[in-house]
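Chain naming follows the written order as A, B, C and D, and within any one chain the residues start at number 1.
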Amino acid sequence: MATGVWLAGGRGSVAVTSIVGASAIRAGLADPTGCVTELPQLRSPALPTIGDLVFGGHDPASTRLCKKAEALAAAGVLPARLVEALREELATVEPEIRPVPVAATQLETATLIAEDIAAFRFRHSLDRVVVVNVSSTEPAPAPHPAHADADVLRQALAEPGVVLPPSSLYAYAAFLSGCSYIDFTPSTGARLPALDALAHRHAVPYAGHDGKTGETLVKSVLAPMFAMRNLRVRTWSGTNLLGGGDGANLADPGANAAKSTSKQRVLGETLGYEPQGNTRIEYVDDIGDFKTAWDLITFSGFLGTSMRMEFTWHGCDSALAAPLVLDLARLTAAAHKCGRSGPLSELAFFFKDPLGTVPHALAEQWALLASFVRGLGDA
Amino acid sequence: MATGVWLAGGRGSVAVTSIVGASAIRAGLADPTGCVTELPQLRSPALPTIGDLVFGGHDPASTRLCKKAEALAAAGVLPARLVEALREELATVEPEIRPVPVAATQLETATLIAEDIAAFRFRHSLDRVVVVNVSSTEPAPAPHPAHADADVLRQALAEPGVVLPPSSLYAYAAFLSGCSYIDFTPSTGARLPALDALAHRHAVPYAGHDGKTGETLVKSVLAPMFAMRNLRVRTWSGTNLLGGGDGANLADPGANAAKSTSKQRVLGETLGYEPQGNTRIEYVDDIGDFKTAWDLITFSGFLGTSMRMEFTWHGCDSALAAPLVLDLARLTAAAHKCGRSGPLSELAFFFKDPLGTVPHALAEQWALLASFVRGLGDA
Amino acid sequence: MATGVWLAGGRGSVAVTSIVGASAIRAGLADPTGCVTELPQLRSPALPTIGDLVFGGHDPASTRLCKKAEALAAAGVLPARLVEALREELATVEPEIRPVPVAATQLETATLIAEDIAAFRFRHSLDRVVVVNVSSTEPAPAPHPAHADADVLRQALAEPGVVLPPSSLYAYAAFLSGCSYIDFTPSTGARLPALDALAHRHAVPYAGHDGKTGETLVKSVLAPMFAMRNLRVRTWSGTNLLGGGDGANLADPGANAAKSTSKQRVLGETLGYEPQGNTRIEYVDDIGDFKTAWDLITFSGFLGTSMRMEFTWHGCDSALAAPLVLDLARLTAAAHKCGRSGPLSELAFFFKDPLGTVPHALAEQWALLASFVRGLGDA
Amino acid sequence: MATGVWLAGGRGSVAVTSIVGASAIRAGLADPTGCVTELPQLRSPALPTIGDLVFGGHDPASTRLCKKAEALAAAGVLPARLVEALREELATVEPEIRPVPVAATQLETATLIAEDIAAFRFRHSLDRVVVVNVSSTEPAPAPHPAHADADVLRQALAEPGVVLPPSSLYAYAAFLSGCSYIDFTPSTGARLPALDALAHRHAVPYAGHDGKTGETLVKSVLAPMFAMRNLRVRTWSGTNLLGGGDGANLADPGANAAKSTSKQRVLGETLGYEPQGNTRIEYVDDIGDFKTAWDLITFSGFLGTSMRMEFTWHGCDSALAAPLVLDLARLTAAAHKCGRSGPLSELAFFFKDPLGTVPHALAEQWALLASFVRGLGDA
């Protein structure tokens, strides 16, 4: 079941880690640690294998994949021996990561994107392609009347000017090409009524938002713990220090706000109330690809006794994200094959800010996911 | 549904916090924070109310309950205003916490215990009594052939000498009195074939072991998180600093070993392998009733990338334990009423070292508990 | 040597903790933990004793001192038994904390302040009075030409309008009354050329700025440690969570900026370069008077090896500040008596943002302080 | 001033990091971060330069230096590029790290050690040689009457049997060869009256004990901070998790006890009392060369208010130790040249358990060191 993975942001850290990782697993050089669809409880013949995945994409940068992989190795994200061993594989993918098309109107740009995807699909005889947004986080877009209706949208895109943010334009191009779409970032992506309508019209599924890779993952098990024990969380205050490209971008107040909101949502949803405190994101260049998050939680127990918990998470975001990108591509492709269209809310397990009305406690998201995989059948 | 709660260790911190707390809730002076059977999902008419609970017990110490309560208030465990307001209530319970009976043989001691319980039951016209062990942790007992068979046990107890550790003698006395038994400590309690047979013979249920109040509670959600994400935990090393009576006792190597084993069990059970590292328990008198635990977790992600997490838990053990004692008494009494006998493995949610072959992930334990409560019916 | 301590902000947490503490020490109910002038190395007959201190002040609030003290006891800042025992003492001080005078011009206001201080001095036959600013942090004031010259300042103050921020108006009134002045906050205080000139003209000393009570205290020993070991600090990033009145006020961006700058100064001064990272101050009401600060430090060692340190400080700001207020009042009064005028840079030990060109390493500040005390002679 | 550095344990992590580092600095491939004698305040023409140092030593292991260096690079202790670039340099040192001599009596062993050192000195025309013990920590030796007297010692060593532990036999051999001796470990080394007498007799200096590389370094600034602020430390409890060869060795209770004692000494010496709590050392293989230490400090402030501080130190022991080995070799050689003999207590700055009656506060140790360096003159 040859499956294309078209990466918007194909030369970024997450994308390159995904490509190197999939190649290493296929070559038997690494085991699939971090890939949840390789767990016994979720393994299914309905999913394309990691070896079935073929990578392409767009990126405004022109850094060669092997250079980026070497930089990631120097930063401790990838093992140097893998980068060395997979030089040829990377050279094969190299021409498939193309410059971002530019045109006079957004409709023309979308058409060029769709053409690139179609050519990629044809070249590799792919059964289907999943478009995955792993590019930098965008600020929230200005509202536009065309966001509400698919036909109005098409007309608006044909005019000069910006109607859709890049993540949404990718979703648009994906849906028109009959491809599914995953947004791994907090950007808008397919979350507009017009795009949801298009996904249904073209019978393709989509998933998102914002891969749950670190602090929020921990929150999604600790907050339910406090709830299950009837302990009252009074304060939950978090600090995220991050470097690398994503960090610099998130220091931008617009993007920062989007991300911080997405990070606190789990608390209200699992506790049933909003404790005091915020999540702060700070850019510290020196931290590099490894993120340090510190959270302080104060809570009341029996008869109001005041207690506290702190945690520090020191994780490599790209290494946490990449296996989830592979999981999501496999799951979404299988859902597409099974005839699912519209939002895949059963994939909430993977996201900070999941689509639909879904549980935010990790264990419940896991149960939903396991049932989703069983529902895909035996291929 | 008047229900007796007979506390072995009735003048200790956990017992007195439970008594004060139940009185405060009954009097409308406190809300039931920390009591899980008061959560909407677990509330059931099949359970006795907190107001239905009547307290009695044994304790070798003779400190008056109000003195102990004042000491707990000074240590920040109880609000001073509650202790002040509940002086009369405590005076009512005072005579019900009796000295531990002593006799020439363990059989006679058990008979005296049973008589105390019977008199307590009669005095208060109780429908049933739940015996709860909240006394200090014992070292593991020497094996004895009488542990294997109920009839041999009875004969052995009639001889001078020590056959059963105190926690097990309480279970023996409880079962012979037709009472259910809960062990909130890591001690042996009812975990002997002879006692299990007795529980079935007398048609009473029992529960245990070792209330899950702090670090292990956190482990029971974090370890499944790593497992669900297919991340490989390499090290899990914990330090527990605790003061107060329990701390001094646990500094004893025998008791310490029992507790530490109980605390690491969750890792092997939820991860499927044993990471490196141990759990240490250290007594620091100055820490008092508040326990500080620090855990370091190192783990591998995608392609072997090394990451780490630390947490510090600063909790008041008595304040965390007491509401669970109330929950367990209510649940066990209801199960007894419904005709359950033998080990209540569905109460694994409450314990570090639960009885039977049960899940160790908190979310699964919660599902088991919720289904158990539903099974109790509408009273 | 009867010495007045006139507190601007005399009903705030720091002031009331200082008053209760001095009374308790005088009454033999508490020992002088936290008072550095009671250490054997710094004890000197040249200093007024704690028993010599008489308290007065201004505050816009009208909460009675004993009410405030009870609130501090409830929050765990003061022992309830002390507040109970010192009720009479507090009633004696009560009328000495007066409302803040208001007048048509700042000159008139300063005159009213000076009159209040003079009356206080007369009532208690005080040898001298130290004015201490422990009121809330102000935003940085707008520059004004009158700040540069004492005579121009006097003329400007006589006009309607705001020339000086409140902290500086207190310094002005203090100097004109022949009183010394201490600024325990990051506000402007005496740090204007016109006020410095006035201090010299009236032959009174002054000290400041911003009492070093927590995170910055730790920085002032850790930063020199890295410097002395020739380790390269790459990142020093701090988060301060604080509640209470000071916290709410510091959430104001203006005040926050003043405080954050003051907190990072020690790094550049002791390391010789500015590492990456900032200090953030966040208001979390629930935290109350206890502040939690978390700092992450990343550093390079031999051959560039990357290492890291984290610390969490959980301190009660009022309890850390109050003994320093007593120390500073005693030291400044003694310096005044010895004929010192102008800035007391030797008191850098006490401040985040000390006056003058002084060392920022705590040990060097200590040596400076010890030599200062020796220089005061034997009284 | 060609200076030999003879390393007992010359193929261990600290030794190899020192050799690679000195070579890298000499070759201009690295800067001397972590070397305190390169700080402007301590730089002195009286010291041999890093380039003047020539390395030799003994080790029971036969792992080639370049293999060990590669292993250290893989573990993140050394940069791989340096190991690659210094292959030839390491090959030059390779034959100078010789097997540990074995003989029928300890006297003969000492003679063989002395011969190896003499030959090394001759081969490289060295002005003097410093013997540095960087081998694994020994358990405390059994007392022996010969430890008290140099002449008795000589006779006892001539008999079969073990009189001195290896670290002390090295000190013996060093002194008889006219070499100075440094013990970087907590082992006995020169700390026996007989050896001290020998050092004076042969007019050579010695230094030790136990390089201060991590948690104790932090303690040596934090404990004085609490003392200078008159804050009462109630608990200081530390956990050290370490892997690598040293970790495995320290898991041995004998060695562990020596090290733990050495680590708590700073508290009593700087605070003037012993707070509650211990330092624990735990071996966790997976941690490797990076050590994680966690310390909890509880303290009382004004009026007894209870506060707390925690810190986590995540450092690479070899990277912290190696530059100090270079510093100590340079300082001890210069002292030897200047005619100093016996214990160099002025080097307390470098050690957890310094020789002589010396300050334990880092800032005072620094002042002592600076004055020592100035005393060495201009060469």
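By our rule, a contact is a pair of C-beta atoms (placed from the backbone, for glycine too) under 8 Å apart; a residue touches a chain by one contact, two chains touch by 3 or more.
For reference, the UniProt names are A, B, C, D = Myo-inositol-1-phosphate synthase.
From a predicted model like this one, the values you see are computed outputs, not experimental measurements.
**Student:** Which neighbours does chain B have in common with chain C?
**Tutor:** A, D
**Student:** Count the C-beta contact pairs for A-C and for A-B, then tell me which is higher.
**Tutor:** More contacting C-beta pairs are found at A-B.
**Student:** Please tell me the distance, in whole Å, between the geometric centres of chain A and chain C computed from their C-alpha atoms.
**Tutor:** Roughly 50 Å, centre to centre.
**Student:** Measuring centre to centre with CA averages, how many angstrom lie between chain A and chain B?
**Tutor:** Here the centre of chain B sits 43 Å away from the centre of chain A.
**Student:** What are the residue numbers in chain D that touch two or more other chains?
**Tutor:** Residues 76, 310, 312 of chain D touch two or more partner chains.
**Student:** What does chain A use to touch chain B in their complex?
**Tutor:** Residue positions touching the partner: 17, 20-21, 24, 30, 32-36, 38-39, 76-79, 82, 217-218, 220-222, 224-225, 228-232, 290, 300-316, 319-320, 322-323, 349, 361-364, 366.
**Student:** Per the contact definition, I'd like the list of chain A residues that touch chain C in the complex.
**Tutor:** Within the complex, chain A contacts chain C at residues 234-235, 237, 239, 241, 276-278, 280, 282, 284-287, 292, 294, 296, 298, 310, 312.
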